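Okay, so subunit A shows up in both of these, paired with subunit B first and subunit C after.
== the complex of A and B ==
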């Protein structure tokens, strides 16, 4: 019995060994199977998953194009700034931090405290601050405060070129002016970078890298002359002070090319203060807001007597009159409807008066124009008839956009209501027509350019990242003959020499131009005593190079006329423009 | 006198055999193996060194790229600074403080064959 037990023992151990061996074999087979599965069957999929974990894709923001003036001075550029952000969970003493950082950032501490006490894990404290400020804040060593780089748009000329460049929003999207209209060209094409990184986020050298670089935006080379732009703005600010007007607008055009040399106005705005900019802002009500209107392109007004240029040019071109044609018995008042001048709504219903009373007299076309006679001009327009008058108004570019490269240009309008019997007469003297100052400047430039109208523009060319320059084409059309244009130039010179525009004289140069004084419509639809005073003119008259249009809105009563309010501004700006362009004087000595 | 005895034949023993003299066992040549090992080690070290150098140069490239970006950013900042300094709105008040004014009395010089004279003639001024 004992021998049997002894014989059974080795058998059991053999079984155990065999079982263990079998187990080991099965385990190895399992491992092998799994290895085969991982290394062969799923190899590609798993390798892909691993790569996905290491791969990072980053968008590469393109550099926004720069904006230059005609001399290569920078008007707008993009630089790297730092944005300050916080993780409120990590900030230990929010009140202290808000007080410390609020002062450095120029942000209200209470507002910062609200953000620092929020339950989010990412809040901006201020975006796009200068790198020095960011360093100061990081230097405080406050836990939970971080920075990250972000591009910001800077306008080195400040408010000087604001009416030209416009501005972008905080994310770099064009909102106004050139920034808006050329947004696509300036923006460039975003790139993409794909690379492998380790657990700590560092790029793995020799790892997979695929970079599609961003294409920077194109640079804009404008026709603006920055020093002239500044002088224009200064002239406007002085005019506001002198005339107590609501606003002043000036545009300077190169007669031959239609390039805008300066386009400015007052009140001014700082494009950098985009947070406080508001198109509907009334600084009298809210001193912290900034208006950013550009009346030159977007505002419409009744041009008043400056419109007479078109009426007289049309009559001359059509051969209805000559400059020496005499109109007999021209009075200072004209009724187009019986008893119209006895009505309370006389201006609206056919009663026309000259600005200054004068005795009834025979007047030539030249005298009518020089003395800016409303009655005489209506008599000239009568020789044309409404259809031909309207045709010329349209030909000179009123009532439709000039095509200037600026955001949201107003087309203006010709208000000829059906059945309106007197609208043609109103239009002849600059009422019933709504035009922009730029349209009027372009119309005068057509006369200065011997009858060829040229579309005004701000950007002369664009330069892409490879240095390829694309020059903007000029849009031109003939509006009157050269003979008519030369006659009109002589009439314009007469206005400054001996007519209503004598305050527009520029020493050393022969200047031509026309004053305009238009009453503003009140809220009740009736004309008020408040005026819009304007002057549009050109120089030198031997070969006009520059047109300047000035509009002063609601000057005080003393300065209510174009001759008193706008002509001096014109003279100041024109003198600077002629000097800047190096135009030789043409006035006879003495 | 003894008689010459025949030479004794060696007694042959059963089960014995003659073995050839054992030749000296040839040692395997170590040198080639050593050389191969050395080459292998050298190649391994070389590969490691090349890999490290490559990584090092990648880091260097990365550092240089970052430096270029920083310098470009600094260059842009300097351009901005120049543009701000050249802003007429900054220069004009400074010029005024220094007593500079825009000349009111401007004249053009006509350079004629006879010498300069004061004129305002367009044609002459271009000469």
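== the complex of A and C ==
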């Protein structure tokens, strides 16, 4: 009895043990089912969320395109630099660090100290320094100071081509000039890198990566001739010294193509020294700052006598006069309103005088132009009437943008107020008209190009990363007939040979051109004694290749005329231009 | 003549049955050893994979955790060889001294142990950290089995049943919960429960005790809203995705990333700091990510084999003590695996306990291997079940 009971008991506990075993196995099978749910049924959704948390997209900065001159010399390029930054949290002795690093970076150590004591965890100490400097700084072994590579824009020609290239901001965005207007082509297409990162931002080696490489920007092949650009700048700098002018601007145009061979000015600036550039700065107040200016494209002035080219060409083209047509009894003063010259507001209201007094005489059209007679030119314009005169001024490109590939071009304007009875006369001699130096150069180039106006431009072609070259098209229009153009060329040559522009002579070449001297308007709206002296001309006259326009702003009184201030600069630049282009001399020897 | 023939036949039959018995016993022992070896090898691989990133970050040696685990495997192998050769009945004599040593160690850890992550679990020993609570699991099983065996004739009286149970489980479980280590306490309770089930105590006592324990646990767990939130947080980890739910969500991401066949060994993404405790409590998620559903089911299957083999060992144990110990050890190892994997899969609360044989952790590994050795020893002494 006892034995059976004893035997039965282990059986009972065996059943219980089996129950435990069964329970454990069932639980494990349940887990297997759950595992199937997570790894197969819900896998797609869950794995997608997991991937999203790991994926990170980084933009790959494209290499910015280069800017070349016509000979393949570099005007702008992008190189790898190092940016120095700090995590102020980790910097243990900010004062010591600021003093150590300030000198190496050329940053004021007080300024550095302020940054190192900020409560942010990322501050730049200096961006885009040379790799050597970065190495030196890292070599100090200071905790919390780091570097990362960053592209920087450099301008190998320095200030020489600065007015052409413009510049980029610290982040490489085009701000001015070619850098601005061609920003989209130059910057290229950013790439993308998608990869899996760990929780601390490092790339997981086994992770997926999806890289769409950046497409480098296109290179710009400009029409600029760097040596000529340099000579132009030098000419301007010495002109400033000689004439004590505020500024000097010169543009050199290729007559046939409208390509700008040089475009320079003074004062100069270094496109890499961004911090000295400030659009609102006034150099008169702060001599260390430079407002970026390009008067050639953006500045407007009253062209004065250089405008007479258009007036005379229009009258010739319209058949109203011939070069030999005589105007009788041309005085040195003309009153378009009775007693205008005796009133206080003389020139504004119908009183016109020649620059120099002269005897009343019979003058041919050629003589009027050569001697730059205001009175005579107004008489010529009178044969056209206002409407035809204006239409020619517009045809020659004044009052609207030339379309040059440069940022923020000024259109200029024709100031013909309604009911203004004398504006046509003012316009005939270059007042009541506001033009850019580039517009004047293009107008003269149209005469040099036998009557065909060509839109000025700086970039001849762009070359993309695959070497495909895209050539910019030329925009041209017929302005006057070839006959008229050739007649005007002869008149321009006369001005230099025997008229007001004799200082523009270039040895070995026949040169033609026109001086301009326009009084500047004062703040009160009246004309002052201060002038803008200009000279626009071309050479060689046997077949004009180059137009040079020079504008000297506010020269000293001694150099107030175009002939005195601008013509010598013209001669200097023109000589260099002709040599650079290899143009054969066309003047008779001696 | 007849008698002698009969006796020869009897002897032959007895010899045959003994041979059969030994064959079966050896098969069970071999199964236990093989599954142990396989789990340990998987564990070593997974430990290396899951820990290398953290190891480089913390120790600048990608094999840092692997090497330590390898030392654990070495010591564990010695422990397994020793325990598999010690006749298990010897533990009856060691039970009470062992109990005292365990209690002393658990007290020591509460007095001397450094506070790590808000709890005291480790005693630093010769550059390693020793975890007395791991030892406590075996101790509870052996002591409880010893006491219930000693009192097996008196078990029909409730007092004689309940006093040893409450005493052993209460003292050891109480010391562990003071660390605090709720997960290990639950495992200890489950192991004790299995020992009781395998004892000859009347079923009504067992059920009563079960109701009391579950009831007490229920009251303890749900008396406090904070604890309720922690315990039920696994039901919807997205409710607190950056806090309580973070680890489980990362576990889901790892497992789902593995899919059917896994992303390949050493290619886990979760180990890149996303999944906390990847090489310890959540190593199963790394296995699932790298070896896929196939790998995960293989591991679960190995624990099924462990449960079945342990069940067989308990069923065939030649005496009550052996049965109780086998049932307790099997329940401990398997139940701990279930709680661990259940936490990783979001069907149970995360309790912070290791996956036996697999997770990084020397003490746990050594104790698990020693326990496996005891199971092997009991298996080899097995008798066929009476028909």
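Simple rule for what comes next: the second predicted complex is superposed on the first by the 531 of 590 C-alpha atoms of A that agree within 3 Å, B and C clash if a C-alpha of one lies under 4 Å from a C-alpha of the other, contacts with A are read in each partner's own complex, and residues count from 1 in each chain.
Quick note on the criterion: a contact is a pair of C-beta atoms (placed from the backbone, for glycine too) under 8 Å apart; a residue touches a chain by one contact, two chains touch by 3 or more.
Quantities reported herein were computed from a predicted structural model and do not represent experimental measurements.
**Q** Could you look at A:267 and tell me whether it touches subunit B, subunit C, both or neither (first, second, both, neither)?
**A** neither
**Q** Contact-wise, after the overlay, does A:199 reach subunit B, subunit C, both or neither (first, second, both, neither)?
**A** Only subunit C; A:199 stays clear of subunit B.
**Q** After superposition on the shared chain, which partner residues are touched by A:411: those of subunit B (first), subunit C (second), both, or neither?
**A** neither
**Q** First (subunit B), second (subunit C), both or neither: which does A:403 touch?
**A** A:403 sits against neither subunit B nor subunit C.
**Q** In the superposed arrangement, which partner chain does A:157 touch: subunit B (first), subunit C (second), both, or neither?
**A** A:157: touches subunit B, not subunit C.
**Q** Based on the superposed arrangement, let me know which partner A:227 touches: subunit B (first), subunit C (second), both, or neither?
**A** A:227 sits against subunit B, while subunit C stays out of touch.
**Q** As a test of reading the superposition: which chain, subunit B or subunit C, is in touch with more residues of subunit A?
**A** C
**Q** What is the contact status of A:17 with respect to subunit B (first) and subunit C (second): first, second, both, or neither?
**A** Once the two structures are laid over each other on A, A:17 reaches subunit C alone.
**Q** A:79 in the overlay: touching subunit B, subunit C, both, or neither? Say first, second, both or neither.
**A** So A:79 only meets subunit B here.
**Q** In the overlay, answer first, second, both or neither for which of subunit B and subunit C A:586 touches.
**A** first
**Q** If I apply the document's touch criterion, which positions on subunit A are contacted by subunit B in one structure and by subunit C in the other?
**A** Common interface on subunit A, subunit B vs subunit C: 206.
**Q** Report the residues of subunit C in contact with subunit A in the complex, numbered from low to high.
**A** Subunit C residues touching subunit A: 53, 194, 197-200, 203, 206, 250, 252-260, 263-264, 266-267, 269-270, 272-274, 288, 292-293, 296-297, 300-301, 303-304, 307-308, 310-311, 314-315, 320, 323, 327, 330-331, 334-335, 337-338, 341-342, 345-347, 385-386.
**Q** Which part of subunit A faces subunit B closely enough to touch in the complex?
**A** Counting only subunit A, the residues touching subunit B are 73-74, 77, 79-80, 154, 156-160, 203, 205-206, 226-227, 229-231, 234, 507-508, 540, 542, 579, 584-589.
**Q** Where on subunit A does subunit C make contact in their complex?
**A** Those in contact with subunit C are residues 7, 9-14, 16-21, 24-25, 27-32, 34-36, 38-40, 42-47, 49-51, 53-54, 196, 198-200, 202, 204, 206-207.
**Q** Could you list, by residue number, the parts of subunit B that touch subunit A in their complex?
**A** Residue list for subunit B touching subunit A: 54-55, 58-59, 62, 73, 76-77, 79-80, 83-84, 86-89, 92, 106, 108, 118-122, 125-126.
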